[in-house]
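The following pair of complexes shares a single chain, chain A, combined with chain B in the former and chain C in the latter.
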Partner chain A sequence: MIVSAFLKSLFRRRGRTLLALAGIAVSAALLLDMTMLASGLTVSFGELLGASGYTLRVTPKGILPFDSEAAIDDGAGVARRIAAVGGVRAVAPVLGAQFRIVRGDSTGAPVFTVGIDPRAEFLYRLERGRQPGPGEVVVSIPLARDLGVRPGDELALAGELDVTLGRARATRRFRVSGVGDFLYDYAGEHSLAMTLADAQAATGRSAGVSLFGVATDEGVDDETVVRRIAAAVPEVSAWSTRELMGEMDKRLLYFKQLATILGSVAMVVTALLVSTIITIGVRERFGEIATLRAIGVSGRRVLLAVVVEGLSLAGLGCVIGLPLGLWMAGRLDRILLSFPGIPARISFFAWEPRRVALAMGLVIAIGAAAGCIPGLGAVRARLAQALREEAE
Partner chain B sequence: MTGALALALALAQQPAAAARPEPLPQVLVDRRLAESVPLRPGDTVRVRTLAGRGEPRPFVVAGVFEREADPNRISRNEIEVRFHLPDLQALLPQPDRVDRFALVLERGARADSAARWVEGVAFGTRAFGSAELADQTSATFRVVSRFHDAIGIVTILASAIFLLCVMIIRVDERRRDMGVLRLIGVSRGTVFRAIVLEAVAIAVAGSAAGAGLGLVAARIVNAHYAGVYDTTLRFALVTPRIVLIAALLGLALGVGAGALAAWRVVAVPPQKLGER
Partner chain C sequence: MISRRDTETQGAADVIEARGITKEYPYQGDAVHALRGVDLSVARGELIAIVGPSGCGKSSLLNVLAGIDAPTSGRVSLLGTDLYALGEGARSALRLRRLGFIFQRFHLLAVLTAAENVELPMAEAGVAKDERRRRARELLDYVGLGHRAGHRPPHLSGGEQQRVAIARALANRPEVLFADEPTGELDRRTGEEIITLFERLNGDGTTMVIVTHDAKVAGSARRVVEMADGLIVGGGR
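Let's turn to the complex of A and B:
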C-alpha cells in the first residue's frame, strides 16, 4: 500500500514525471547506442568474415588480409600443405589485383579484382549466371547496373597503362559469366572476380596468392587449426575470426573509447536526473513520510517505497529509451557507413542481448541507487522536527 | 627524393662497418622504431620487403625522424622507414615505380590547369591541387564530424530536458510563495521575468562550469590518446568559438526552460497556487 501510494505521487505531478521520463529515456537511448557501438563493428565484421563458412584467413607472414601487396609465392604448394592440416575442410585461394575496364578509346578507373578458385569461393554470392571459367569474369551488382552489362556480354580489361603512349596496355577481352553480390564491397563499388589462373597470368604473378580462406571441419576449434597451420606452414600467418576481430578492435579504438566516454556521461546524467526528481519528491513529502512513521509504518517500508519509485522511473525510462535508442542507432549507423571503404554489409551498431540487458540493467540500478540517498535521509530525519516543519 | 612507404620490414642489427669501398645506402627510421629496437644513427640494419623477393640488404641509419602528426594515418599508426627512392625501388618487385609525385608550381601558375595538363600528358594519372586533395582525404573526418554533430544534438536534447525538469521542480517547490507574491500585487510579468532570470542564471553558471569541465576533459582526452597513439595530434579542442557557442546554447536553453516553467505558474490564478 505504501509503495503504491508513493507510485501514485508520480502521477500527481504528471508534467514533471513525463519530463523526467523523457530525460531518462534520452540518456538510456544514448547509453544503449554507445553499448551497441562499442562492439558493433567488430561483431558485425566477425559475422561477415564467417558468413560463407571460411572462418580462417592465411596471409603472407605478418600482414593482415589485403593490407599490402605482399603475396604468398608458391600458392599451389602452400594450399596443398594447408589442406593437409588436420581439421581443415576447404582452402580457397585469392589473388587481389587492379584492372581497368577499356571501352573504345577510354579507360575507366581501377576496378578491384580478385582471382579465385570457382569451386572454393567465399567473397561473393552469385546472383545471376554462373561461376567464371577461363576467360570469364563475374561482375559486382553496381558494376553490372552502371555499365549495363549482363551475363554473356564482353568486357575488355587492361592490367596496365602505358603512360607514355597514352593507352591501355595488356588489354584482354573477358566474357561476363555472372553477376555477384560482393560481401566486402562498400556501397556502389565496382568489383570483378576471375579465375585465379587468369588473374595470375594478367598480373605476371604466376603462382602468387594474396590470401587463403580456410574452412574448418565441424566441431573443430578454429584456434587449434590456426596453431596447426602456423606449425605446418611457418612462412605464412594464419588468422582466426577472433584474431581478425581483435585487429579490427585496435584500429577502431577511437570509437570504442568514445562510446565508453559517452556511455559514462549518459549514466551520470541518468543518475543526476533520477536523484534530483526523487530527492525533491521526497522533500516535498517529508511531512507525509513523517506522519506515516508516526503511525507506525517502519522506516524500511518507507525506504523501499522511495527506492521502488526511483526504480519505476528508471524502468519506464528504459522502456521508452529502448525503441528510441534503436531508432537513433539506425540514423547514426547511416552516418558512419558513409566512411570511405567500409563494406556496405557491416553495421556499426550490433544488437547483443547480453550487453543491451546489462546497459538497461545499469540504468535501472542507477534509478534504485538514486532513490536510496533521499530515502535514507527521510527515514533518518528526526520525527518530531519533521512533523513540526510540516505543521508550520 | 625520399620514398616514404609503410612497409613491414625484417630488421637485423649489425655492428657498424669500418671503412668500406662503397658506402651503404642510407635510411631514416621512425623515432618509435629507433626507441623500440633500439637504433642509433650509424647503425646498420638489414632490410627486406614483404612484397619483394631476395635476400635482405644492408642500410645505414642516417637519422631518426619524428613523423608528422597526420590524422589520416592515426588508426593504422604504422611505423615508417624512409629510403632514397632508387634504393626502395631496388627492393620492390616492380622497379621504376612511383605511387605519387608532389609538384611545386611556379609563382602565379594555376593548380587546376596544371593538374589537367598533367592528366593529359601522363595517361592514367590523376592530379589534384592541394585544396582538392585535402577535401578528398578529409572524407573520413567529415563523417566523424557528422557523427559528433548527431551525438551533440542528443546531448543538447538531454540537457534541455534536464534543465527544464530542474526549473519546473524549483518553481513547483515555491508555488505557494509565487501565489503570495501575486496576491500582494506583484504582476505576472515580474514573476515570469524572475523565473526566467533564475533559469538563465542557472544555465550561465552551468555553462561556465561546463566550459571548465570541458577544458579539463579535453586535456585528459588528449593526454590519454597521446599515450595510446604516441602522437602529438590533439583529439579534443576547446576553442573560444566552441565555448561561445556552448554558452549561447546554454543561454537559449535557460531562457526556454525558464519561460516554460514560468508559464506553468503565471497561467494559474494566484489563489490556486497554494493548493496541494
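Let's turn to the complex of A and C:
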C-alpha cells in the first residue's frame, strides 16, 4: 500500500513528473541509439559480407578487399589452389575496374565495373534478364533506371579517357544481358558486371584478379579454412568475416568513441533527472515520511517505496524511449547512409535484442540507483529531529 | 471494538517505566541537555498530560518513551519490554503493532483517501484487505468521519484531518497512544472536540500520553506532569 501511495505521489505534481519523464525518455532513446550505433555498422557489415553465401575473402597479400588496385596476377592458378583446400565449396573471382559509358560524343561519369564468374552470383542478384556471356554486361538497377537501358540494349564502354581531346579512347560495345541488384553498392550507384575474361581483356590485366569470394562447406569452421588457405597459398591474404569485421571495427573506432561519450552523457542525464525529481518529491514529503517511520513503517519499506519511484520513472522513460529511439535510429540511419561510398544495405544501427535489453536495463538500474540516494537520505534522517523540524 | 479494554484484563501495572533518562543533542560543537535525569511511570489506563514551557524537553521525553529516539542514558520499559535493548526494526514493529501516534501536523498521505490513510498501518501490519476496510470504516465512524471516508486530506478541514490521524493511530488497536501537541494546529472549538474524543478513548481503556501547551487538554488529563529545563518538577511518579 505504501509503495502504491508513493507512486501516486509521484504524479501529484503531474507537470513536473511528465517533464522529467520526457527528459528520461529522450536520454533512454539516446542511450539506445548509441548502443545500437556502437556495433551497428560492424554487425550490418558482417551480415552483408555473408549475404551471398561467400563468407571468406582472398586478396593480394596484406590488402583488404578493394583497398587498392593491386591484383593477384595468376588468378586462374590461385583459384584452382584455393578450390583444392579442404572445406572450400566454391571460389568466385572478381576483378574491379572503372569504365565510362559513352553516349554519342559525350562520356559519362565513371561506372564501377566488376569482372565476375557469372555462375557464382557473388556480388549481385539478377533481377531481370540473364547472366552475362562474352560481350555482355549486367547493369545495376539505378543505372538501368537513370539511363533507360534494358536487356537487349547496347552500351558503349571506354576504359580510358583521352585528356587532350576530352574523349573516350578504346571504346567497346557491350550488350545488356540483365539488370542486377548489386549488394555492395551505395544508394543510386551506377555499376555493372561483365565476364572476368572481358574485364581482364578490357583492362589489359590478363589473368588478374582483385579478390576471391570463397564459400565454405556447411558445418566447417571458417577460421580453419582461412588458416588452410593461408598455408596452401601463402602469397595471398585470406580473411574470414569475423576478421573483416575486426578491421571494420578499427576503422570505425571514432564511431564507438562518439557512441560511448554520448551514451555516457545520456546515463548521467538520466541519473540526474531521476535523482532530482525523487529528491524534490522526498523533500516535499519529509514530514509524511517521518510520520510513517514514527508510526512504525520500517525504514526498509520506505526505502523500497522511494526506489520503486525511481524504478517506475526510469521504466516509464524506457517505455517511451524505446519507440522514440528506434524512430530516431531510422531517421539518423537515412541521413548517414546518404553519405557517399556507403553500401545502401548497411545499417548504422543494429537491432540486437541483447544490446537493446542492456541499454534499457542500464536506464532502469540507473533509475533504481538514483532513487536510492534520496531514499537512504529519508531513511537515515534522525527521526526525532525530522519530526521536530516538521513541527516547527 | 476500538480498544483492548474488552479483551484484556485491566490492571494497575505500569505500562511505561522510565528511569534516569537523559538526552543530549550535539549543537555547534556543544551539547544541549534536553533531559537531565527523568523518572516517570505510567499505569495502564492512565491519561497523562506533559506540560511545560517551550524547550523544556516535553517532546524529547515523549520521543524517548515511545521508542522514537534513544536516550543518552537511562532505561525505558514499555509494555514490559526494555525498549532500547531492541533493534531499530523490532522497535518499529512494536510502534506499528502496539502503539499509536498523533502529531501536531497530521501528515496524512495526500494521495490516499481518509479510509486508505487509516488502512495504511493495518496494511503494513499484514491485516487482510477486507478486515482493514471494515475496521477503517468503523474507526472513521468512531471519530465521526464515516461520511468523509472517500475524501482526500486536502479536501478535509484541519479538525477533520486530525480525526483521521487519530483513527489511523487507533488502526492496530494500540495499547498506548502518544500525542504531541494534538490540538496545536486547531482552532479552539475543534480542539475541544478532539479533547472530547481523547476522553472517550481513555474511557474505553486506552493509555494516553499527551504533550501539550493547551490548558484544556491538560485539564482533561487524570495526571499532569510538569517539566522545566529537562526535569520533571511536578506530577512525576
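General observations
Here is the rule we use: the second predicted complex is superposed on the first by the 388 of 392 C-alpha atoms of A that agree within 3 Å, B and C clash if a C-alpha of one lies under 4 Å from a C-alpha of the other, contacts with A are read in each partner's own complex, and residues count from 1 in each chain.
Just so it is clear, a residue touches a chain if its C-beta (ideal position, glycine included) is under 8 Å from a C-beta of that chain, and two chains touch if they have at least 3 such contacts.
Just so we're clear, the structure is a prediction, and the values are computed from it rather than from any experiment.
Residue contacts after overlaying the shared chain place A:R388 against chain C, while chain B stays out of touching range. Here chain B and chain C are compared by how many residues of chain A each touches, and B touches more. Of the two partner chains placed around the shared chain by superposition, neither chain B nor chain C is touched by A:S240.
Using the contact criterion defined above for the overlaid structures, shared-chain residue A:K61 touches chain B, although it does not reach chain C. Residue contacts after overlaying the shared chain place A:R251 against chain B, while chain C stays out of touching range.
In the superposed model, A:L336 lies in contact with chain B only, and not with chain C. Contact with chain C, but none with chain B, is seen for A:R293 once the two complexes are overlaid on the shared chain.
Put simply, chain A uses no single residue to touch chain B in one complex and chain C in the other. If you check the complex, the residues on chain A that touch chain C are 1-2, 5, 8-9, 12, 287-288, 290-301, 382-384, 387-388, 390-391. Contacts from chain B toward chain A in the complex involve residues 7-8, 49-51, 53, 74-76, 122-125, 139-140, 143, 146-147, 150-151, 154-155, 157-158, 161-162, 164-166, 168-169, 172-173, 221, 224-225, 228, 235, 264.
Listed in rising order, the residues of chain C touching chain A in the complex are 59-60, 63, 66, 68-69, 88-89, 92-97, 99-101, 103-105, 107-112, 116, 119-121, 123-125, 168-169, 180-181, 184. For chain A in complex with chain B, the touching residues are 13, 15-16, 19-20, 22-23, 26-27, 29-30, 60-63, 68-71, 73, 100, 107, 161-167, 251-254, 257, 261-262, 265-266, 269, 272-273, 276-277, 280, 283-284, 328, 331-332, 335-336, 338-340.
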